[in-house]
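Can you read through this structure? Questions will come right after.
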Amino acid sequence: MGLTAPAEHRTVSYAPESQEGWVATRLDFLVNWARANSLWPMPFGTACCAIEFMATAASDFDLARFGMERMSYSPRQADVLICAGRVPFKLAPIIRRIWQQMPQPKWCISMGACASTGGMFDNYAVVQGIDTIIPVDVYVPGCPPRPEGLLYGIRMLQEKVKNERAADAGTRDEMEPDPSSQLYIPPSVIDELGEPFGNSVNQTRSGL
Amino acid sequence: MSRFEVVRTGASAPGVEPATQRNVAHRNADPNPSAKALQEKFSSAIKRVEVIWGETVVYVDPASVHEVMGWLRDEPSQRYDFLSDLTAVEYRDAEVPIEVVWHLRSLPFRRFLRVKAQIPKGKPLEIASVYDLYRAADWLERECYDMFGIRFHGHPDLRRILMWESYTEGFPLRKDFPLRGRFSRSEQLRQALAQNPEARYSMEELTIADAFAELPADMRERLGKGERTGE
Amino acid sequence: MDRRTVEVELSTTGLDASGKPQRVPILTDDGGGGLAVQAPPGIEPDLEGEHMLINIGPQHPATHGVLRLVLELDGETVVRCIPHIGYLHCGFEKIGEYRQYNQIICWTDREDYLNSIGNNVAFALGAERLFGIETTERCKVLRVIASELSRIMSHLVWLGTFCIDIGAFTPFLWAFQRREEIYRLIEKWVGARLTTSATRVGGMAADIPSGWMDGLRQFNRTFPHTLDEIDRVLTKNAIWVGRTIGLGVMTPEEAINWGLSGPMLRASGVDYDVRKDFPYLDYETYDFEVPVGTNGDVYDRYLVRFEEMRQSVRILQQAADRLPDGPVNIDDPRVILPPKSKATSEMESMIHHFKVVMEGPRPPIGESYVAVESPKGEKGYYMVSDGTAKPVRWRIRPPSFVNLAAIPKMVEGHLLSDVIAINASIDIVMGEIDR
């Protein structure tokens, strides 16, 4: 950091009788602890998961326990984008723009199967996972996830935030999409991710 | 029970036997009396009448759809004043024509009628709009155009409603449209992201704000060619 | 429009002898004094000037999803409103053509996700008409219970979000507490909270577990207290009344012509409820009333939905009392799976199970349109079969799609802040609008 304390500050003297409490800690820890416990969510609720998100925020599950009760409907004041619900292609530029409007440091939770992979909507209209549009930190599975599941995802994100190092330059750099395609990841990878798999492979034929 | 004066008891219409789902035959049940009245009034325009699972289906000549629907709405003995639904059906058999389906309800008589018109494929898909009869048809016809590409003549604002306006893949509910779309996933995503989210005002919206006349001449020209812009 | 008098509770006047807040009638035309609560005046283009365009959505907390409204404002008055929808278009109807009837039920959950179990019932009814089968008596009563529980759930979300839009937060918390109770009931029954997939063609996925009815009766007993509480907070609250009365008026003729249905139509004074007029599930044998408004404004829509919740409780009580014993599924091997214990032990049952699951039940050639009274309005499923196991066309008649189409008419001439109240009163759910 280039900062060194002057010689007289390198030693600390402590007088127990002074009754003044003080704590020594790492700056990283302090910042991360503060950040992790006051994540302001930006609820990007589109579909069913948004209802479970509302249930999480309401009295029974009480998101306020994690310092997250302050919903930030403006992306410019938000820390966590919680994408709750399916994202069709028509909505793709919107979520990209919201993500770009959020200031650093920022995180993203992809809530539910549809946001994470396209879920049961393997068709012409739905983005096969929002990680093809924006970077995602935590995926919460479920269709929709129960509130407990979302809370677990939030705890995981808090763990992640607490383990960040301020000295790691680059973790907070804004990713620049490829200028020609506006995509973060190569098109071939997106095609591969979008390949149908499992049961739906056999169900592309209309009629039988 | 009346805690508020605005609440009153609703009851079934007097003297009308409620239609239930019990004991309906697959075919050849008694048709809705409106079907007979229609055949008497528009003899040649009514192609045929079917009863399927107790629901009367009237096949109408596409050219006289508007006339028939207007009569059904205004005739005092029919009064089909509620347009429930408007949609289209394309069959898997490519020979069978596309059907446009109107579901009508008569609230005074508690009747239900399905009107169908068959439009042959191979020509541009066109039919008369019922927008001037039922305002409910506004978005329903736009949706039908968006999904099937059927043009409704007389609709004042027929443009895509569910897909974005520059959507190039075609009409999704047509049978020749694959389930996953025509393009690869990356191409679909690239095209979707290529729309500028701030290009949100259409030409029409800009002109209503009286801002159009104040724009620079070259910009007006570009907009006139259909280019979309931000604020 | 006419001026109406509503008794309003003002928090400043103190309590009366019985300990309840005093009710102060606010202004009547013959000079009562006090606050005037009346419809805002029509458009008065007082200033010649440029109009402003304002964009709300598609990501906005007050649009209840991803609705986008472009408003043309003259000062604060809305001159024109252009809704843009389709931001949640997920191709339900296309995917329905590629799935068997029982598989489609999973999609009906996610389409109007506030009313998921009610959609399951509606779809099963439509498919059963297409198959020409009728379910057992026990199944019908269970489906009535499911529909009415889901009506209450949907109205509670509407109430909570409507309150937040107007500025009241507490009823949201109360509403969601009660919703959690219904969630617990439904979870005990079908194993899922929100996406239930509770019905099958010809029956239900599961019978209710033992002791479940006690939970329902307990809910029926306690839920009206919550309604009373919310009622006392809102119905005669000066702010609430002032922000809702006289907004977004639709006359009966307009409402019918615009195709409105459900509480939107009934608030305008049109007595049309699918449960009464085209009954299904033996609704004609239940004793309940359909609230019908007179003014067709936002306040009447609130009253109508509120009363509908009370009536739903009445229906639930009757259904709980009349639930007959007997099988839930019909006895028809064409559509119903054999019991799991037999399928794992007997060869024939296993083959039968395999055929029903892999090939799917096949209805005869035909079509059916079955409409039910969903919390939003007339919800119709139109299915066309060509004799194969997958429908040629699965069409959803979305009530809130048609109701939302009337928003340009309703907000015209009102203030910008009233747009939020009017939009909330339509009770839209974007999953159903965009499908």
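Letters A, B and C mark the chains in the order given here, with residues in each chain numbered from 1 onward.
Simple rule for what comes next: a residue touches a chain if its C-beta (ideal position, glycine included) is under 8 Å from a C-beta of that chain, and two chains touch if they have at least 3 such contacts.
This is a predicted model, so every value here is computed, not measured.
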item	value
Chain at maximum distance from subunit B, centres defined as averaged CA atoms	A
Between the pairs A-C and B-C, the one where more C-beta pairs touch	B-C
Gap in Å, rounded to a whole number, between the CA centres of subunit B and subunit A	41
Inter-chain centre distance, subunit A versus subunit C - centres from mean C-alpha coordinates, in Å	32
Separation of mean Cα positions, subunit C and subunit B [Å, integer]	23
Subunit B: positions in contact with at least two other chains	92, 163-164, 172, 177, 179
Junction residues of subunit A, two or more chains touched	90, 94, 123-125, 204, 206-207
For subunit C, residues contacting two or more additional chains	86, 89, 91, 94-95, 98, 386, 392, 434
Subunit A-touching residues of subunit B, taken from the complex the two chains share	92, 163-164, 169, 172, 175, 177-181, 184-198
Residue numbers on subunit B that touch subunit C, as the complex places them	1, 3-13, 18-22, 24, 26, 52-53, 55, 57, 81-85, 87, 89-93, 101, 103, 107, 110, 112, 114, 134-140, 143, 147, 160-164, 172-173, 177, 179, 200-201, 205, 208-211
Of subunit A, residues touching subunit B in the complex	89-90, 92-94, 96-97, 122-125, 127-128, 132-133, 181-183, 187-188, 190-191, 193-194, 196, 204, 206-207
Subunit B-facing residues of subunit C, complex	50-53, 55, 68, 70, 72, 80, 82, 84-86, 89, 91, 93-95, 98, 125, 128-130, 132, 134, 235, 256-259, 266, 270-273, 276-280, 282, 284, 289-295, 300, 303-304, 307, 364, 366-371, 378, 380, 382, 384, 386, 392-393, 395, 397, 401-402, 404-406, 434-435
Sites on subunit A touched by subunit C in the complex	43-48, 50-52, 54-55, 58-60, 71, 73, 85-86, 88, 90-91, 94, 98, 120-121, 123-126, 143-144, 146, 203-208
